[in-house]
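Pasting the structures in now, so scroll down.
Two complexes follow with chain A in common, the first pairing it with chain B and the second with chain C.
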Partner chain A sequence: MARHRGRGIASINYPIGMNLGGDPSQALVHSNPSGKFTVSLSSIDLGQGMKSVTRQICAETLGVPVEDVYVDTADSDTGPHCMGSFASRGTHRVGNAVMAAAKEARGVMMEAAAEELEVNAADLETDGRGNIHVKGAPHRSISTKDVAIAAQFKQGKTISGRGIFLVPLSDVDPETGEMSPATCYAHACLVAEVEVDDETGDVAMIRMDSAYELGRALNPRLVEQQLVGGAWMGISHALYETTEPYYPVSSHGPRDFVEYLMPGPGDICPHDIAVLERPAADGPFGAKGPGEMCANPVLPAVANAIFNAVGVRIDKLPITPEKVLRAIKAQGGARPQPRR
Partner chain B sequence: MLELRKDIFADERDDNLKEIGKGTQRQDMLGHVTGTSTYFDDHKLQGMLHLKVVRSVHSHARLRRIETTEAEQSQGVRRIIRGADVPRNLNTLLSLINFGKDDEPSLAVDKVRYKGEPIVAVVADSPREASEAMAKVRIEYEPLPTVFDVEDALKPGAPVVNETYPKNTFTYYEKYDHQKLRFGDVERGLAQADHVLEQRYQMSPIEHAPTETNGSIAAPDTNGRYTVYTSTQALFFSVDTCAKILDVPSNTFHFIGGTVGGGFGGKVDTITEPLCILAAMLTGRPVRYVLGREEEMQYGPPRGAERIYITDGVMRDGRIVARKVRAYFDSGAYTRLSSYAAVKCAAHLPGPYTIPNVYGDVYCVFTNRTPATAMRGFGVTAMDFAIECQMDKLAHIVGMDPMEFRILNAYRDGDMKAHRREAKNTALIECVQVAAEKAKWPLRDEFKRASSRQGGGGARAVVPAATREAHAPTVAAAQQRTVYDRAPATAPSREPPPPPPPRPQAPSHGAARFSSVFGTRRR
Partner chain C sequence: MSKTALQFRHNGRDVAIFVDGGTNLLVALRELIGDMTPKFGCGQGGCGACSVLIDGELHLACLTLAETVAGRSIETLDGIKQGPNLHPLQRAFADNFAAQCGYCTPGMLMAAKALLDRNPQPSRAEVIEAISGNICRCTGYEPIINAVLAAASSRARA
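And now, the complex of A and B:
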């Protein structure tokens, strides 16, 4: 009786946005007279960081510090239409809408600044710290606050912008399935190392190494949060969770977190992540989005690692100790595969 | 923990940005960590009533009689709501984008189709009084035969779960009981293969398990409007769904959400808002309807379970020449969003690989269980599990390293995908290379040098002329067929398989990066 270590891999891609498109999102951006901007959305922040990502996109596009932007979400009276926070569409769809709105607002802001500085708007640039100055002449400068005051009280201009992003709905050929499902795809590869106890069938996670390609990591810490959390969800789906333990028999469904198995803190393992950025042609600053795909490679990588460790293939989830043990017994004991 | 590999694809990006790419702290961080962020259930309104639903105890039954007289007289009860009180008591979520037929009532009327289906709503002064009244609702059931297995549901004579779809399958394009994908001639590809591997994969249904369960609070506002605090993941989806079910203009509602305690796909279905608003309309009082944990786990929609059959044809040199897939999505008793996921699943075939012959049939099947819905990776997670387990088995059969096997078959820029669109902006190969590097997994030089930007297109960009339905061509004489992977113990080939198609030059992050890390290849 022994514990056996094994490694398994999986590589995947994932479509960004609703399949076939047809899922618009809108954004409104406006400045108050102090040069502070509000982004109005009806999109939802589920904890993934929608507010922060759209805030950074807006600040970058306007050319103002992120502190000068506040994102207001999910009010059907003030926020324009958004399809919703699902299908890995937030960063890509809503981000693009915010970018379009911020571009329009920036145009007005630069025109107002040009009028104050008595120059051509095309000769101006933002410094990202709250100032607008003549290119190559930083001393000929005006703060965004002073521009906002002038626009509101002197020039009678609204520093505001509207944005929408829509990938037009694709047809599907009923006979061949020809279609345009998505405009860009994220990618990943993950290596899982497990230890399998051939006496109990228990599978322990040892470590994970992964590479995720996401277009652009707009906020690397939010990306990390998604990838780390998503991998836990993948481990949980692979080894623990089910609402129907005897599926397709529907009995013995868990009713609370005592009966519903999930990994505890001691079941989690180190996860070393690399992020690659191949910008998407139509992503905001090239971004695609890490939202859903982060759990996907974990499930098969764990299953493949179990095979490498003890030589059994479990093709039915979740991979419980009972299933592993029965499979080991059926083949007459653990058959460790070549270490890799 | 997280390493940004800026060296890869550096020539495709402008990295001189000021705010983008920074790990700026979240705008809502302070509220979250101090417990002061406002969620829907933080609204304690004066005179607020509490709604609970009486759920079916049977998985499939005719409703003979619903008796609520005693419940109506129960202490604290303000209103009992039945199916007949719902203005439009039949809906399907994706009717908002004209996909599918209305098939699900807010409250069951003639029949229940899953255990836990709502039948009657009780609105009372307190949750306890609502619970006490629920126990006084008398329902007479006539149990009906049930079906829980997706393939049993397709057999002739199977119980009809949902009369809107009498064959227990969603109807695609008004004529098919499944979504098709056809690319090349899969039977010919399989016939020519050196080895054919046929396998079955079964997913499990799982719970989204959000910290905050589904719920909403609806309150009458002035001027005939209603303010609704909600945990929805899709604000206007929910607004429009409620407007349809309650048969009022959408601007009747002022929905407020935006900060949600975890969604993962389980808060798209608008399962509490319609009844909550209806109760506020009928009582003129604010009403709260929140699922308890048991309801969330068993009767709130789960990630459905898929069953997938894959038959692959592979050559001795590791090239996959055919992939044939049959997949069943277990939608439960109603459509919700599974019909959409099946199309997304077909689009995902054959995974991120270039395979000249691909064939897919994806079914959305009705069974007598809690309706399934979207969850993280919807339509794809299951297929990735099946495909990637299959890839590992294929690599084993041909005696190839599983990483190199994936690089060999990976899709590249310019390749034609099975849904007949050109692959662009691909990066699977680079992900495999970097993951190998991180895990100190040896790759041979030609695989370290491979690039998504090279070796694609050309012959790989062509849509095959023939798209054939199933037929029976002659099978290659030496072919091995494996139904269970352990059957023939194929010895790993002594000679390493030939490298993938030649590539003119090494990419920018080539061998130098890897050479310090890898030892010699073990075999």
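And now, the complex of A and C:
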């Protein structure tokens, strides 16, 4: 009886957003007389950071400080339509909609500033610190707050913008079935190292090394946070979680956190992550979306690592000690594969 | 059902409430005192979201009968900030991106505080053990462990 180390590799190709149907999302941006901007969305931030990322996208597009933008999310009664927060679509779809809305609002803001400064709007630029000035003549300047006040109380203009992002519908070729289901793909490769106990069937995570190509990382710390947390969920789906451990006898299913297994803080392993930034052609500032793909490569990599360690191929998730042990017994013992 | 008068200290302040027999401390804190920082996760001691300190010791509020805390001192997340400043653990959680949805965060912070109060310089293994009763769905635990270690080392430097 022994513990065997094994290494497994997996690569994934991950489409951003939903296929077909156009997968649209809308955004509205308007300024308040205080010179601050509000982004209205029906999209939901579950903690991934979509509010932060759409705030950055709006501020960057408008040319104002990020502190001057407020993002109001998740009221589907009063907000513009959104398909939802899923399919890793938030940064890409909602971000594109916010960018379009902010572009339109910026146009009005520059026109209003031009009227106040008595110049052509095309000659103006923003300094990113809350001022608009004539290119090459920073002293001919007006604050975005004064522009907002002038637009509201003097010019009678709404500094606002509408944005929508819709993926062009792809026709299916009736002969070949060929189509273009998504416009934007992210990629990842992950190496998992595990230790399998051939007496208990227990699989321990030893380490993970991964590389993610997910377009421009608009907020690198949030991307890292997604990748670290998502990999944990990948371990959980690979080795622990299921609502039906003894299917089809559902009465044996887990009823609480004691029976529904997930890896705890002592079951995690070192994870070295490399983020490769190759800007997406149709992403906001080149962004794709780290969302769900952060969990995906872990599962096949762990399954491959178990095969490498003891020579058993488990194709049903989660890979519980019981499944590993039965498979090892069925083949008459552990058969470690050449170390890779 | 008759109500029982109950007095205890809540984050350094004396409070008095009337509780029904069988009321747990989590309900007493959230619904009768209005301190919403201890969270209701599972209601049966499996997730740690309702963690509070009773006389400095870590307890699950959902499994604690309210009447048993008479005369004792309860500390919740609502009480750990120091005046206008965040507690070093709160600061470290923010700096280390140790929260995403935030639901486990109050319980995690109290479990971490209980640890650092009795062991200011814990090892990584001790941090892991201290937060093992608290479930987090988002972070993968690594940022939380790092945050607790960072808070301990910043305290050591201070």
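We take it that the second predicted complex is superposed on the first by the 327 of 340 C-alpha atoms of A that agree within 3 Å, B and C clash if a C-alpha of one lies under 4 Å from a C-alpha of the other, contacts with A are read in each partner's own complex, and residues count from 1 in each chain.
The rule is short, and it goes like this: a residue touches a chain if its C-beta (ideal position, glycine included) is under 8 Å from a C-beta of that chain, and two chains touch if they have at least 3 such contacts.
Bear in mind the structure is a predicted one, so any value in this text is a computation, not a measurement.
> With both complexes superposed on chain A, which partner does A:N32 reach: first (chain B), second (chain C), both or neither?
In the superposition, A:N32 contacts neither chain B nor chain C.
> Touch check for A:T158: first (chain B), second (chain C), both, or neither?
neither
> Which of the two partners, first being chain B and second being chain C, lies in contact with A:N120: first, second, both, or neither?
neither
> More residues of chain A in touch with chain C or with chain B?
Residues of chain A touched, chain B against chain C: more for B.
> Which partner does A:V258 reach: the first (chain B), the second (chain C), both, or neither?
second
> First (chain B), second (chain C), both or neither: which does A:D272 touch?
first
> Taking the superposition on A as described, I'd like to know which of chain B and chain C A:W232 touches: first, second, both or neither.
second
> Quick one: is A:T200 in contact with chain B, with chain C, with both, or with neither? Answer first, second, both or neither.
Once the two structures are laid over each other on A, A:T200 reaches no partner at all.
> Classify the contacts of A:T176 with the two partner chains as first (chain B alone), second (chain C alone), both, or neither.
It touches chain B, and chain C stays clear.
> Determine where on chain A the residues touched by chain B overlap those touched by chain C, and list them.
46-47, 49, 221-222, 224, 228, 230, 233, 256-257, 262, 271
> Can you list the chain C residues touching chain A in their complex?
Spelled out, the residues of chain C in touch with chain A are 41-42, 44, 46-47, 97, 99-102, 127-129, 131-132, 135, 137-145.
> In their complex, what parts of chain A are in touch with chain C?
46-49, 221-222, 224-225, 228-233, 256-258, 262, 264-266, 268, 271
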